[in-house]
Amino acid sequence: MNQYKLLKTLCEIHAPAGDEANMKSFLLNYVAKHQKDWKVKPQVYQGKDFQDAIVLAFGKPRTAVFAHMDSIGFTVRYQNQLIPIGGPDVETGYALKGEDSLGFIKCELEVNEENQLFYKFGRGIDRGTSLTFECDFRDTKEYIQSCYLDNRLGIYNCLKLAETLENGMIVFSCWEEHGGGSVPVIAKFMFEEFNIRQALISDITWVTEGVEHGKGVAISMRDRNVPRQSFIRKIIQLAEESGITYQLEVESGGSSDGRELQQSPYPIDWCFVGAPEDNVHSPNEIVHKKDITSMLSLYQYLMEKL
Amino acid sequence: MNQYKLLKTLCEIHAPAGDEANMKSFLLNYVAKHQKDWKVKPQVYQGKDFQDAIVLAFGKPRTAVFAHMDSIGFTVRYQNQLIPIGGPDVETGYALKGEDSLGFIKCELEVNEENQLFYKFGRGIDRGTSLTFECDFRDTKEYIQSCYLDNRLGIYNCLKLAETLENGMIVFSCWEEHGGGSVPVIAKFMFEEFNIRQALISDITWVTEGVEHGKGVAISMRDRNVPRQSFIRKIIQLAEESGITYQLEVESGGSSDGRELQQSPYPIDWCFVGAPEDNVHSPNEIVHKKDITSMLSLYQYLMEKL
Amino acid sequence: MNQYKLLKTLCEIHAPAGDEANMKSFLLNYVAKHQKDWKVKPQVYQGKDFQDAIVLAFGKPRTAVFAHMDSIGFTVRYQNQLIPIGGPDVETGYALKGEDSLGFIKCELEVNEENQLFYKFGRGIDRGTSLTFECDFRDTKEYIQSCYLDNRLGIYNCLKLAETLENGMIVFSCWEEHGGGSVPVIAKFMFEEFNIRQALISDITWVTEGVEHGKGVAISMRDRNVPRQSFIRKIIQLAEESGITYQLEVESGGSSDGRELQQSPYPIDWCFVGAPEDNVHSPNEIVHKKDITSMLSLYQYLMEKL
């Protein structure tokens, strides 16, 4: 079986921020089916107390890993207008998909000179319908290229981590791309029920002048938020000890599920640890396979040592 | 008695964000006086645990309705300068009112070319004094026009809803126009004490190319925030079943008390349901009477069915 | 002993937002050493439940005073690039200090025409290293001038207040300059454990056309946030009764630890009370000594009367 078949399936799922139900179903089915092959069978928390989020608790968890289920996308407004969900890259001709009362939709994005967004389709689409990028998954020798590697790769990393995880929590969160809303609920749960004070953000970051393809998973020392630096230094020291290839990232912008942990009323330290991609938030997000491998290895090491 | 006399009284009350005490007194008196005629007498929660907010619990509530008590306005800075409370529409000549240590104030707004704000009055006004629009309430055949229909109409809707409400919570919140602060307190209360997971936002939205005067109450599928779409679809389905006239709204901007419910650490779904107005945040806000009627009818239906 | 020696020591401590550990150590040592001379020995709360924040509880506290420990600063990005921590004033030639794996650093800030930031130093500095202003503490007849009077003067005020405080809480918070994170944790603690509903923000504000050097501590009626005005009026009335010189501030911008109290799920009223400074967030912040004295006197009075 192709190693990245699962990742391809994840990238194809329609689950923009606010409408993560498809991804939730997929993940609950996946866990139900595969947990028998995992080292430890997790306790699954989901349902009305978690909206569309899912929490898996393995053994005696000390650290939680967050991977957001949602993607960027578009909402149909009036006439043929679109408005963004999160911050998608936009270019005339991008292929979009969705579904409304009249059936499945495959249409095209149009961007005019004032950067207003429209769809091009043979019929009108129901108000409020969400559209996402049509998935063109490209598995080459060195790279994976597709829409939504941010953050289906973060989820993939968690599902692979789950296979051998003995003690730890895995959180599949919602709404990350559009301003949050499920991390506060889960921060409360993980602190009050499990007394967890450490979190890793399994998400995808940017290739920049300082973070390159194939140089290993990025440990972000800060982005728009500045996490507690003593915790960051601890992560870096463990990464150093592990022998796994990694890169250090330092940015003034960007954000993740870490933002809401930072602002929560619980003393939870967090660090973003994720592979870098280019062509961010476009249908052509691209990640080096070495960085995917390095990401999983580092998570396996950190979850044992932290 | 004129049907909209109560609404006129509400529009005249001086209660800018951060200074809702007048509105609180009025509402507590109103509830004390009228609850004997209501189908169910509510439990009233107010006082030091709620700052200036008020909560009414009827029967066994499953859904909470939020209406914010505060309005936009102005604060006197230094000399004759004004700074905004929330995002008021500004135009030279708008009539303002307030009160300081020297007595009642009726003055005029001045806007210079750099969009700086000043008051024009025969004397200096105490630093920090808040000013609001002078109310010119116009009740015509088809429309109500006045300052502060946003959100005195949302409150009016709640007070009318209260007359027949059997099971439900009504929340009068503070600070909505200027960045919030009371919804988090109430979200905690309603979830922890009543286990409420559903909320409707009784507030006023915008007339746009997609939402028109007289076409019924607007159900907002999203604004700056994207609420959980499965809940939105449930509301739309109920609206459809009810036979009440309504419109669907889809916006990328704008916000309401829903924002703080979205961000709260409780799994509360929310949906904005409110009549549309034109001349937003000006002394001349205007709403079609049919939309006021449709709003109340839909709230009555939803509170029974949800 | 020079009266302001303690303040000078505080200003010299390297503790940018996210890296407050040095300040935490200093304060814990200071409290341990000096509390024997204080009127009441406080209960000290710190450690894993508070990250790097510290809480001192004296007697039966009714009001909490917040002073943030962190300062603005810079993070080393890639090559010789710097990115800001908080909102520092920037000018080529400002002296910076820090420490990385190769040892202590004294370097210079460079600002190019696009307002990008760089350091000028004889060697490369480790990625993620934080730099702060080199302290040039100037104690003249009427003024104190130094970097980081914001907010080491707020901390100084608390340490002086601690000498005679009988009932009250003093909070040393983190992250204020860069977007917060520790106030939510402490708001929860102070409300749930001590039922405290009143807070004063011991921080430094701006000299403006309405707030002048030497005219007394500023009571801020509002900034970006509008605190509950009934509480503000109570503070002003007490200040009036006290006979202590003070000024009223009214601003549309600026923020403090009060912001997170405002947004917290606890009904906590707050008021910013602090001396004004000029040359904000630069190495040359300057405060009038009369305003430092007035600030402490008003805190002593308010903590007794509130």
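Going in written order, the chains are labelled A, B and C, and every chain counts its residues from 1.
Just so we're on the same page, a residue touches a chain if its C-beta (ideal position, glycine included) is under 8 Å from a C-beta of that chain, and two chains touch if they have at least 3 such contacts.
Bear in mind the structure is a predicted one, so any value in this text is a computation, not a measurement.
For the pair subunit A and subunit B, the CA-based superposition corresponds to a rotation of 120 degrees in steps of 5. Here subunit A and subunit C face each other with different sets of residues for the most part; under half of the interface numbers are shared between them.
In this assembly, the C-alpha centroid of subunit A lies 36 Å from the C-alpha centroid of subunit C. The residues of subunit B that reach two or more other chains are 264-265, listed in rising order.
Taken in their complex, subunit C has these residues touching subunit B: 197, 208-210, 221-222, 224-230, 232, 248, 250-252, 262-267, 269. Against subunit C, in their complex, subunit B makes its touches with residues 17-19, 21, 48-52, 75-79, 83-85, 127-128, 130, 175, 178-181, 184-185, 187-188, 260, 264-265.
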